[in-house]
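Next up is a structure, given as structure tokens.
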């Protein structure tokens, strides 16, 4: 059985990776998960300088999901390169660094700093709904998606994954814009902007008022978008949004994703990633699928 | 740091010990064997619409039987779910989590407010020193018997039905309690008062903080509190309550 | 305790109504619900001529919700006026007719036909994701929202509610467009486009491939959009999307909705509407809210 | 039309009667009192992430005790949830739903395939005429004892372990069964074969159809099937299986 998938020339042992922001830089979860078993570890977003993130409360539970407004707290690229990269290098997995910024310049700075580091790919987060500048502001407009992709590509030595926002009228437009800008891979979906109100305190559940909705609740939207994007562009797709089980992951793969990320489910089950990998194997066994390639985009 | 485990625990016993307050003993595989007082566990809901674990302090352990006790208040849907289970039912849990209270030989004052009282029991049992325990309740009291066995026990109730009328600070003042170290867990206003009291009297004070959590192990940065100095891990003035806490020196964090 | 709310001059006994398409024309649910207790009954979408709708399967369950692609099956305006309106008139509730069409002309025809009928308001569904023509195609573009609102208003004798789609980048733009076009009330959200794949049969769960996601899963998105629209326009808002309990309904009201609709929850609990009404009363009692007006938009 | 009720029922008894097939007796307030064979109930999940009811046929009633029996196969998450409950647990249900089979005195052939067999039991019990019952199983058989008591009973199994090897049509042919009216419930390919057989032999045939449902009472238009003629209610060539069915004259619907 062959579970290897290839994204822009980078071969992953299997298609299962972590969703940025839900797995730190892997260290904490390494107590539960042998990182070498993962297709890739995608790190929490990292910026050119340290960010303190938003006020608390930063999360709230919702039916079948959660909203978060962490606000991209991160220790900055220096600490990341010095501490987190060496840690990840100890494992036989691919390293994908999620990059955030307030300006195009910020993103480029991080990309440039990582150019000669042992990083396999970079995921550009232009879809975070929880920061005032940068993030989603870039990700909702096809023109700016194309522009930032082009800029980032100038500095990048590794393949570039553009992470798309679901908070758009037509995701194929931003997908095509990223493709036009030279993106190597697309990942989707980031979170849907949501809100929760505490009716007893009569206030917002999150200090930031709005937050990004993730978890199984959003899966139908995510699968739909992956399918639409798979029909619209030629780039490989990393699918995510509500994956809890192998069944969920296979839905995304059948819809057209070459790889998948597990996010919120890590919070419900620290070995969710491994369970998904085992479950995909079991499915391939049951239906005698020799090569996972046969499943990618098989439902049209 | 003790190892963390993620396992299916079996409810050995569950009972309501006060209005809306439940005590539950869980049989674990490994978690109970190496717990420090002040640590907590994440309890996962069986109900599939609830994705996040509930952080609950360890109230007591029975290390021989690898069992642990939690005492919790029904605050919302997750704890309501837990309260309906009976012995024999199972709950997935992760732990032990967090740092726990530092153990010393100093004359100690343990302060628990409301649902912050439970962790004081395991702490009182582990501390080998002169112990004074102040517990503040709204009205109905619980865990009184167990706490009495483990130190000099003072009570405050808001309605004055038992002990000092008022809050824990009122009881401390009324009884002129002195100590070299304070351990406190309870609502934020209480912790603020404890901090002020500790500063005023120059007493070392450890407080256990709360925040909404997602991962429970330091990965997601949901549960931070502001810290006086730049935190080594986060590289900003934020500490992760689930990992660097929940216990902090009162002076090093803002709350 | 005053639970009366006023929408464009129409006074409702309470703010709780049914969401279009989940309650038929009230007849079936009248075995469980005394329709006179509802603020209003909003009917299933009705077109100028009968529509057969989509192929089956038309629905699929998802975590905390469902996707549907009924495809606006309806008996047409003639049967509706002859059979369903007289039935509804027997009850002491407001009647809101949901209108669908393939062209602007279709909508206007229905609106004109209803002008002299005993109908309190019309809700124009320009946001159905399950039909090839009409529906969402109108609802995703601010210019066409404004245009169709203007046209419809020409024929309308009753207040017009424009029902907005959540499948847009910025819902305040379509909301403002509807306001500019002369809408009297806005209702939101319609369903989010979603997809489910049956991994065992390797096919789409719905014959229509995509369907509209509804139910508690979408509530955070719906509350966020109601809040945003409440900040952006002056029109009263009917909030919906995942309301199951009074707590949910109050969230929408605090976010700025003057009334709320209960949809998918009817399928989980046929008396959901009544339970919501009772629960709102209990909340008002508990917090000594004399007039529900005090709650509308109270969280800012 | 009988009245419909929405109530909390209590599980009186639940047992596994074959691999993955469960039999459950529910104590109802009102529902069981006025059931026609072929009607069904909507069973709601207690698990909050599952919003839609599960339509399950009424297999048998005990009208004196206002109880009803359902026999179901674990097909997915909802039925799996039901299978875990024990007597004393409760389930919200709505019913009785749908039209049910029309009762006559004609020589009857009752055909059940797989999980379409259960409704044939209540039908056989209510029919007062010459009854022949053909049940088709994959391998393991169930409800055999009860069915035998209520008519001449024939079995087909795919693996030939019991009765005729093959499907229900094979058993009908092998035994040269003749009838004036057919009642059938089972997988669509079986119903198609029954329809063809009925046309060929000019027998009146009633079939019970399935479709995914949301409301279960005719309001949402999720569960339609195509009809030969324009339906009076929908005003298009669609009938609602939950309300106008699930039982239709084979000739009036397309499936």
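Here the chain labels run A, B, C and D in written order, and each chain numbers its own residues starting at 1.
Everything below uses one rule, namely that a contact is a pair of C-beta atoms (placed from the backbone, for glycine too) under 8 Å apart; a residue touches a chain by one contact, two chains touch by 3 or more.
The chain lineup, named per UniProt: A, C = Dihydroorotate dehydrogenase; B, D = Dihydroorotate dehydrogenase B (NAD(+)), electron transfer subunit.
Because the structure is predicted, anything quoted here is derived from the model rather than measured.
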| item | value |
| --- | --- |
| Partner chains shared by subunit B and subunit D (touch criterion as defined above) | A, C |
| Between the pairs A-B and B-C, the one where more C-beta pairs touch | A-B |
| Between subunit D and subunit C, distance of the C-alpha-averaged centres to the nearest whole Å | 35 |
| Inter-chain centre distance, subunit B versus subunit C - centres from mean C-alpha coordinates, in Å | 46 |
| Separation of mean Cα positions, subunit C and subunit A [Å, integer] | 34 |
| Multi-chain contact sites of subunit C, meaning residues that touch two or more partners | 63-65, 215-216 |
| Subunit B, residues touching no fewer than two other chains | 48-50 |
| Category of the chain touch graph - line, ring, star, complete, other | complete |
| Residues of subunit C that touch subunit B when the two form their complex | 63-64, 216 |
| Of subunit D, residues touching subunit B in the complex | 47-50 |
| Residue ranges of subunit A in contact with subunit B within the complex | 21-24, 27-29, 31-32, 44, 50-53, 56-61, 63-66, 68, 70, 73, 75-76, 79, 215-216, 264-271 |
| In the complex with subunit C, residue positions of subunit A that touch it | 62-65, 67, 140, 167-170, 192-197, 199, 202-204, 209-211, 213, 216-221, 223-224, 227, 242, 247, 250-251, 254-255, 283, 298-299 |
| Residues of subunit D that touch subunit C when the two form their complex | 3-4, 6, 44, 48-53, 92, 94, 211-225, 233-238, 243 |
